[in-house]
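Please read through the structure below; I'll follow up with questions.
Read from first to last, the chains carry the letters A, B and C; within each, the first residue is number 1.
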Amino acid sequence: MFIRNIWYIAGWAKDIGTTPIARRICNEPIVLFRTPKGQVGALIDRCCHRGVPLSLGTVIEAGIECGYHGLVMDCSGTCVHIPGQKNIPASTKIRSYPVVEKDELIWIWMGDPKLADPSQILDYPVHNDYKNWPHKHGFYRIKGNYQLLVDNLMDLTHLGYVHKTTIGGDPNTHVSAQMETRETSRGVKVIRHMPNCLPPPTYRKGVPFAGHVDRWQEFEFVPPATVLQWSGAADAGKGALTDENQRDGGFSIRVFHGVTPETESTCLYFWSTANGYRQDDPQATEDLYNDVSTAFREDQVMIEAQQKMLEETGEADLVSIIHDRGRIQMRRIVDRLIEHENLQESAAASA
Amino acid sequence: MFIRNIWYIAGWAKDIGTTPIARRICNEPIVLFRTPKGQVGALIDRCCHRGVPLSLGTVIEAGIECGYHGLVMDCSGTCVHIPGQKNIPASTKIRSYPVVEKDELIWIWMGDPKLADPSQILDYPVHNDYKNWPHKHGFYRIKGNYQLLVDNLMDLTHLGYVHKTTIGGDPNTHVSAQMETRETSRGVKVIRHMPNCLPPPTYRKGVPFAGHVDRWQEFEFVPPATVLQWSGAADAGKGALTDENQRDGGFSIRVFHGVTPETESTCLYFWSTANGYRQDDPQATEDLYNDVSTAFREDQVMIEAQQKMLEETGEADLVSIIHDRGRIQMRRIVDRLIEHENLQESAAASA
Amino acid sequence: MFIRNIWYIAGWAKDIGTTPIARRICNEPIVLFRTPKGQVGALIDRCCHRGVPLSLGTVIEAGIECGYHGLVMDCSGTCVHIPGQKNIPASTKIRSYPVVEKDELIWIWMGDPKLADPSQILDYPVHNDYKNWPHKHGFYRIKGNYQLLVDNLMDLTHLGYVHKTTIGGDPNTHVSAQMETRETSRGVKVIRHMPNCLPPPTYRKGVPFAGHVDRWQEFEFVPPATVLQWSGAADAGKGALTDENQRDGGFSIRVFHGVTPETESTCLYFWSTANGYRQDDPQATEDLYNDVSTAFREDQVMIEAQQKMLEETGEADLVSIIHDRGRIQMRRIVDRLIEHENLQESAAASA
């Protein structure tokens, strides 16, 4: 069960070109492509003629040409050419999906096209700001339900266990820090502030702090499945924890986590890492990207094993712990959106 | 749902020897072998004793010896030896299938053995005529329903798209040519005649034509799933298009396409290519074979992707086009044969 | 359907250390480990928190620490630590399985823990006697129901067919020898005695026999799925066949076959080979082990093909032969035990 009337991430904008790409989203087979003139198309990946995936075809000026017998579909899913035949029946029309290119991402609308409102897509200015936030993109396919991955992102205790030998470090730091879970206008934010502490080695390596620092770790969940992460530290006492404008000049990274359900048991993970502390050092941007790449592969191992186990045994008797607060609130928001959609559909059906 | 009372191709005769071969036909597991004296056996590939596939056994004089405990079955499926035991119970008898070796092929009857009439097997004299039609055999396993492959063979528009860079060439040639679809006594024939045109490069390379030619492409479907192809060209005006006897001396190739359902979603593809224009040049025979081998792999990619998509989404809303005429007629013939068989069975049941 | 209230083999004792091992037994996912102090734990391989397999975690002094968020379970399945939380709810308790280490094996009880009685575990002193029975261990995973493997072990005719080119030799030897099938207190024994015959080459190579020998091959089945094999020969006329104490000094090997159901269609095969004829020659121990390793791979091929075929076609119409006697008796014992368990359960339910 997926939320339908919402924007999902279909891909990194730079990956969608004139070579068609097959991608399954919310369990629907979709072909993504960009015409020579730059228009992005997202169609059901199934030719109206004999059902062959259009992603095996060729992008031409007019749209995408099926690789089997040459029918051409434009970006709206309208058939504009049938070889050897003038008359094009209306039944050749196939489903197209609204798409929007924004902040280096292609967003796709899986629900009722009449409700697709691009202004609802979240803003992520970091992706347009290579000067202050030099960044790199990643894309993983994870064999686990998308919510298991969001669970992972909304929980910080796992850092000390899953990433013990990479970015995690000592489990106790992560477990004992004070944590706040705060509803936002659209989602939920998990915040961990560590005032007046000593900066960890990697932070010191990045920025020559004089003494103690105020550290923050903020994870904001935005439905259906995006998490915006901001971690860093600034000289203690500047007020960086309460006033975001006081964070400049310290250590600061932003990680974008965008998760898209592929099937009920797999998901697509689009992420980026932005270096906000040594912007003129490409090696720092690269190192950050590499560290995170490795860490996310460690998460993948856990999530894929968890997926298999839950498929076999269900979730009914699992036990929640205190650190699950952010995760539980995230799930509630998604459940509420699905319920809302079901109610709307019932109302529409009985109208 | 397969036609049962009909001859299917089980294999190339030269491939069936004293090493048993496991092959699934119409979703039944079958072992094929040839005794030292030359008799071909086709038995259900399951020992009556403990169910081990007989294809793991050894062919001996008397038949096939199971590889587990040594029971021996002869070509009629009768158990003729049980190690350590004199008495052979009648319940050891297993199913055998009528087989006929003809024109380099082993044909198998999957239905009621009483109805198996070898005279119904189609003739393909090309396979016995290495002088006028030097030829080579191919065998592919395709992960698609056998009818998707026959669809492919009954349609010529795909040549210009699927085989763009190999044997196909310009799509327009294939799309714009006049086409005729004609019922034959047993099946249907798709014919394309191109009178008085310039011979394409490969034709000219094969035969030193003086000027214009009359070209033909003929595909005859014979149920359940054989397509006999004859393509070529002769000097224009000789009457080659209307009189087959006037085709000698030109460019001419014959391709045999024999498809056997393996399961509902896979099939076995037995094909041969015969060189009818440079019979004394083994390299021409080889080149033709290689070109076709490559092209059929391109078809395979399409068909296997199509199979997956149709398994997921069905065929109900697909749209037929003008070039589907041959395909549709082919399907109608097969449907009629299945319906006929069902009626016979109902009649037999109520008698 | 498996017998539950019985001891199964979970693993070789030497393989269970501080690196946790995931192993499926009677279709239940289990994690096996040994604490630094030496206690062996067998728990359901599923963390009570979010369902991640505990086998991805780390063994510590107190038990096993989940690799995802660090919960710790002790060997009894009790949660003894939740990071960031003092209160440990009772619902965190997970299933633990009684285990016993005996004769180099870890035995596990899959049924009602109250009924687990270690005295019911069979004795295999050979595993503790490296002086008289130097031996080596093997472990294969077989893609076949565990009873198909036990079938194989209870039948000696297969030797001459499956192992024709390895340990089997001439089929007739195996088929024509006199065979006795005898019930024992707990199972069934298949015995083959060949008095006053010439020793085969491998026997002669091992022991310089003066002349004729008395040969024995004894296979004792002990439920649920262990077979204890003793094969050998002694100088003829010493009475070795009737009196086990007269077997010393001849050729003698013992093979332990312990089979554990993994799923309905796969099993775990724990076996050992013991050299009882050239105890001071490590190469003889090695050679015996290697010969048997190869032979068991041949059995595996048969059993895995048989499993697939029986999954498709069932067993209903299979025909038993005279040499199936031991196999049939073995199956009857297992069926009786399952029936007995079902009756007990019904009685308990209606009490």
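By our rule, a contact is a pair of C-beta atoms (placed from the backbone, for glycine too) under 8 Å apart; a residue touches a chain by one contact, two chains touch by 3 or more.
For clarity, every value in this text was computed on a predicted model and none was experimentally measured.
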Topology of the chain contact graph, where touching chains are joined (line, ring, star, complete, other): complete
Shared interface numbering between chain C and chain B [over half = same, under half = different]: different
Rounded Å distance, chain B centre to chain C centre (Cα mean): 49
Residues of chain C whose C-beta touches two or more other chains: none
Contacting residues of chain B [partner chain A, same complex]: 151, 155, 157-158, 160-162, 171, 175-176, 301-302, 305-306, 309-310, 312-313, 315, 317-323
Residue ranges of chain B touching chain C (in the complex, touch as defined): 29, 45-46, 48-53, 56, 65-71, 82-85, 89, 91-92
